[in-house]
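What follows is chain A paired twice: with chain B in the first complex and chain C in the second.
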Partner chain A sequence: MVENRPLANLVSHLILITGVAIVAFPVYLALVASSSDPTTIANGQLGLIPEGHLFENYWKVLFQGTERSTKQPMIVPLFNSLVMALIISIGKIAISLISAFAIIYFRFPFRHTAFWVIFLTLMLPVEVRIYPTYKIVADLGMLDTYAGLTIPLIASATATLLFRQFFMTVPDELLEASKIDGAGPWMFFKDTLLPLSMTSIAAMFVIQFIYGWNQYLWPLLITTRDDMQTIVIGIQKMLYVTDALTEWQLAMATTILAMLPPVVVVVAMQKLFVRGLTETEK
Partner chain B sequence: MADVRLTSVGKIYAGSVPAVKDISFTVPDGGFCVLVGPSGCGKSTLLRMIAGLETITMGEVRIGDRVVNTVEPMDRDIAMVFQNYALYPHMSVYDNMAYGLRNRKTPEAEISARVAEAARILELEPYLKRRPRELSGGQRQRVAMGRAIVRKPQVFLFDEPLSNLDAKLRGAMRVEIKKLQRHLGVTAVYVTHDQLEAMTLADMLVVMNQGVVEQIGAPLDLYERPETVFVAQFIGAPPMNMIELTPTKGLPAGLDGVAGLPLPAAGARLGIRPEHLGVEIDGDARIETRPGDVRLALTVEAVEAVGAETYIHGRLGGDGQMIAAREHGKVLLPAGTTRTFTARREHLHLFDLATGRRIAH
Partner chain C sequence: MEKRSYFAGKLLPYALLMPQLLVTIVFFYVPAGQAVYQSFLLQDAFGMSTQFVWLENYQLLLSDPGYYQAMTVTAVFSVAVTTLSLSAALLLAVQADKSLRGAGIYKTLLIWPYAVAPVVAGVLWLFMFQPSLGMVAGGLRRMGVDWNPYLNSGDALTLVVLAAAWKEVSYNFLFFLAGLQAIPKSLIEAAAIDGARPTRRFWTIIFPLLSPTAFYLLTVNIVYVFFDTFGIIHAVTHGGPAGATTTLVYKVFNDGRAGGDLGGSAAQSVILMAIVIALTAVQFRFIERKVNY
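Coming up: the complex of A and B.
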């Protein structure tokens, strides 16, 4: 809408600012807490102005860990989470692209059955089939491994559906032109379909990276060793301390660190994201 | 260079009626063959069978000396221009043209020479680095042509390449395509539903209807001697007037002079092209009546003057069927007046009422 009404402008800005404040304030508070002295939070004296222990706290949490709870340097679970999120997002995109390609561009027996079986997995997320999945992963000896962490989460239909929908909008003539230009199926996939899917891939990467990064239940079940823990579990474990005060400043520092990679991914992919929304021509 | 030879070619989609039935013709080397017909007549299917994009269920397609029924599209030595151009959106104009050559492992120096040559011919030189979306419709069309000519194929296939352009550009590109094809001397098969395109481009016109060939020949031969009612009415605008003559039912009112025609007992259709209906204007005997001429009394309903010529639509005998006539210059007859229009004996076409085929007379 192209309108120029100062009052409406003011009101809409106020509403937006309020919304941003509601979302951003807790984050800000976590940032302030992560820069504070252990006693400040314990005494209930946390103010709104950051204190001077920022680098000290982050250094400590990254490379030394807490003194009273897990005593693990948090760089390890951060790294684990990063590996897990990357394997899940890349693995999922790779498998989905290939399966969507097969479903749309190849005529083979039970093609529709294959599609509907893939579709059915949408109704059976990891949480529903967690017991059998755990059993399989345990029997295959994949507990406490990256494979065990990621493979069950890679297998799901969302990305396949998205790419299937996208491939259906690609004009058939492009395939035919490729055939006449001497490109086989693999070259058509690599030279035409993949470049055209770049924006969808970026969108999928963002969604799946955050999905993988935020996993809680599954890593909780299949990891027991400290060096295989993910960051979300790391934070959770930090908070349980018996007969002592929780080191909130360190927990908050970990929280802030845990938020950074998804933010980086979103910011880095934003340009592609927007291009995907504005460039519709194929 | 090669001819394209079709022998009893047919296409049946699984569990459906035949889309194309028993088609045989040969496009001579360097010839320009246009397949024309209404939508759904099977012309695109036929072209796609020549291209290798559809399987051939019956008959045989030869390009040059080779039967290509089971040959992959890339190995048929053809190039195709699609209706929506089908340019690769993520590639530059240069890469669009070079892609097919690269897939054939052509040396890069040869590729750039061929693309430069095509760009020169098609006046695309300033746009080689652009993406297709940064080009106008006409430029995209030329890129699609460029992609076809850099391949130096034996046969060009065109699938309604001009139907996405506006009327003015379409006329200009039509001339370009014809010039280019002459210049390169490559055999071409061109599909269109536009009879004007078909008439102006073709050396050889194939009129199709409902999966079968109605008539094959030079465009003007088809215009002057249509073998069927369908061809007569499809080619030419406005279409040929068709008057049903059934001796048992009596002749339509307002029609005079058909007594000498060899009408079969079952009846016939009399075809008269609009430009063959001459009218007398205010006693000025533009038409000198001869024996055997057919005269139609038309009551004028509408007059369309477009400058160089005038289209007159009138009803035969006052309340009969609508007849269109095309006169040179300005012939501004007031609506409601009744005039006699004369058609020469040699300009009459007679078709069998039942079969729709031409009757010699």
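Coming up: the complex of A and C.
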């Protein structure tokens, strides 16, 4: 701080507090709604103070499901989301680590081609090839399976780039020393490279876990069965009920459940998260 | 760039690359190629015969007022979300950059929405603005505003813009804060000694030095609005009312699913692909330049 201006600091605090309040208010309101009963919400009488139905609503959403709409107990989609996020994040990291290892530590024909093939997938998000990709997954019989939910999303240009970048900074002497000690590629990878990459891997995991958890378009396309849904799709299905009122208290409980795991990951691993985000700034 | 020493394996590197290359080819390149190919085909209504029609699908698309509407919606949506979220994030980041008491807590409390799925953001905002039971909608009604995003296209667009911008502030905030912290304090001090007030220092020193960050964020935000907001639109408005919130991506999704117009949907995909390629290229040119700073 160059000069000390108490008044300016006060204004800054006020701006920040307002910002935090605007950011937090929708979630607070959802929390209040998830503790309320249906009539209070339907009459537009929801206040700002939580009511007494919190436990009841979450229990219902998790283990019984809604009375109208899908009737699917949300514990199942919650589990599907977890499986999906974990397979995607771990899978992306695993295949990107070995790809980057091959590109950096070997010499072979088409090395640069391979790199570019992976790199250019950055320009092909799922949104620009929706139906052909869907058709391939359907032809392979992977609709409504975990494989179909995850494998098509598992290629990662970002992770490959990040690990490639990191491997470049690893001193050549380490490889030479390992070779003198008689280590082959696998030994070097496992005993030298992996331990050095741990922070990058953890940072990548945080980012990719959030990415996997929050996928929307893809699960929407390739899951039809209610018990294969992910939690974010579950919310959407609760909102649109034909011939009946939306059960908002349950929908809002589901919303809270859907955002809790990724938000906890970000807050608990804030340093890794910030690092992952700024490092993947491609 | 190149390692001086390496392993001698001949087949091993291919085996290591195999999983990633297989996934990229089967699920990225083949479908992308099919999209391009299909965009030149016309299929009759019963799917009995297909014929190669060169650019007819593109011509049909470019003479379709619905497509221009989707383009306009996407443009308005992009401008509104990026302006709103970038300016809010910059305002907050400048405050958080001062060595205030509790700056770390503010940071934590501002970055978590990054982890919220777009569809969740959409539902949270829909709940506040739902015309019959939303709290904010109720307030608007008492103030005499006739608010109904289900019927009024301006209201619907406003709602999705607010939800999309709300979620994106955290990402922009984080990058602006990092950008601000990278500016040497000596520059600011020198200007202060020369008598420049904080406002003047901001516009003549801080803001120009932040422009690479701002430009990077601009492209990232546009990509976000184009693609990631699909969840918000699908859950909150379904592209309506009367196409008022149908973006290009939502249109590809909707036309291909409901209409079964494969050629037309593929042509839309190809145009989107061109847009992504252009945006990514711009982003990378910027990053190369930044490296040279």
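In this section, the second predicted complex is superposed on the first by the 257 of 282 C-alpha atoms of A that agree within 3 Å, B and C clash if a C-alpha of one lies under 4 Å from a C-alpha of the other, contacts with A are read in each partner's own complex, and residues count from 1 in each chain.
Please note the rule applied: contacts are C-beta pairs under 8 Å (C-beta built on N, C-alpha and C of every residue); 3 or more make two chains touch, one makes a residue touch a chain.
From a predicted model like this one, the values you see are computed outputs, not experimental measurements.
Chain B and chain C, once both complexes are superposed via chain A, fit side by side.
Superposition on the shared chain A places chain B and chain C such that, viewed from the Cα centre of chain A, they span 90 degrees in steps of 10.
A count of residues in chain A touched by chain B and by chain C gives the higher number to C. By the touch criterion defined above, A:43 reaches chain C but does not reach chain B. In the superposition on chain A, A:213 contacts chain C only, with no contact to chain B. Judged by the touch definition given at the top, the superposed model places A:176 against both chain B and chain C. Touch criterion met: A:191 reaches chain B, while chain C stays clear of it.
Between chain B and chain C the least C-alpha distance in the superposed model amounts to 6 Å. Common to the chain B and chain C interfaces on chain A are residues 176, 179, 281-282.
Residue ranges of chain C in contact with chain A, taken from their complex: 1, 3-7, 9-10, 12-14, 16-17, 19-21, 23-32, 34-35, 38, 88, 91-92, 95-96, 98-100, 106, 108-121, 123-128, 132-135, 138, 166, 169-171, 174-175, 178, 185, 188-189, 192, 198, 216, 226-227, 230-231, 234-235, 249, 252-253, 256, 262, 265-266, 269-270, 272-273, 276-277, 280, 283-284, 287.
Note for the complex: chain B touches chain A at residues 51-53, 72-74, 78-80, 82-84, 86-90, 99-100, 103-104, 133, 147. Across the interface of their complex, chain B is touched by residues 171, 173-174, 176-177, 179-183, 187, 191-192, 195-196, 279, 281-282 of chain A. Taken in their complex, chain A has these residues touching chain C: 1-3, 5, 8-9, 12-13, 15-16, 19-20, 22-24, 26-27, 29-30, 33, 41-44, 46, 95-96, 98-99, 101-108, 111, 114, 117-118, 121-125, 127-133, 135-137, 151-152, 154-156, 160, 168, 172, 175-176, 179, 184-185, 188, 210, 213-214, 216-217, 220, 232, 235-236, 239, 248, 251-252, 255, 258-259, 262-263, 265-267, 270, 273-274, 277-278, 281-282.
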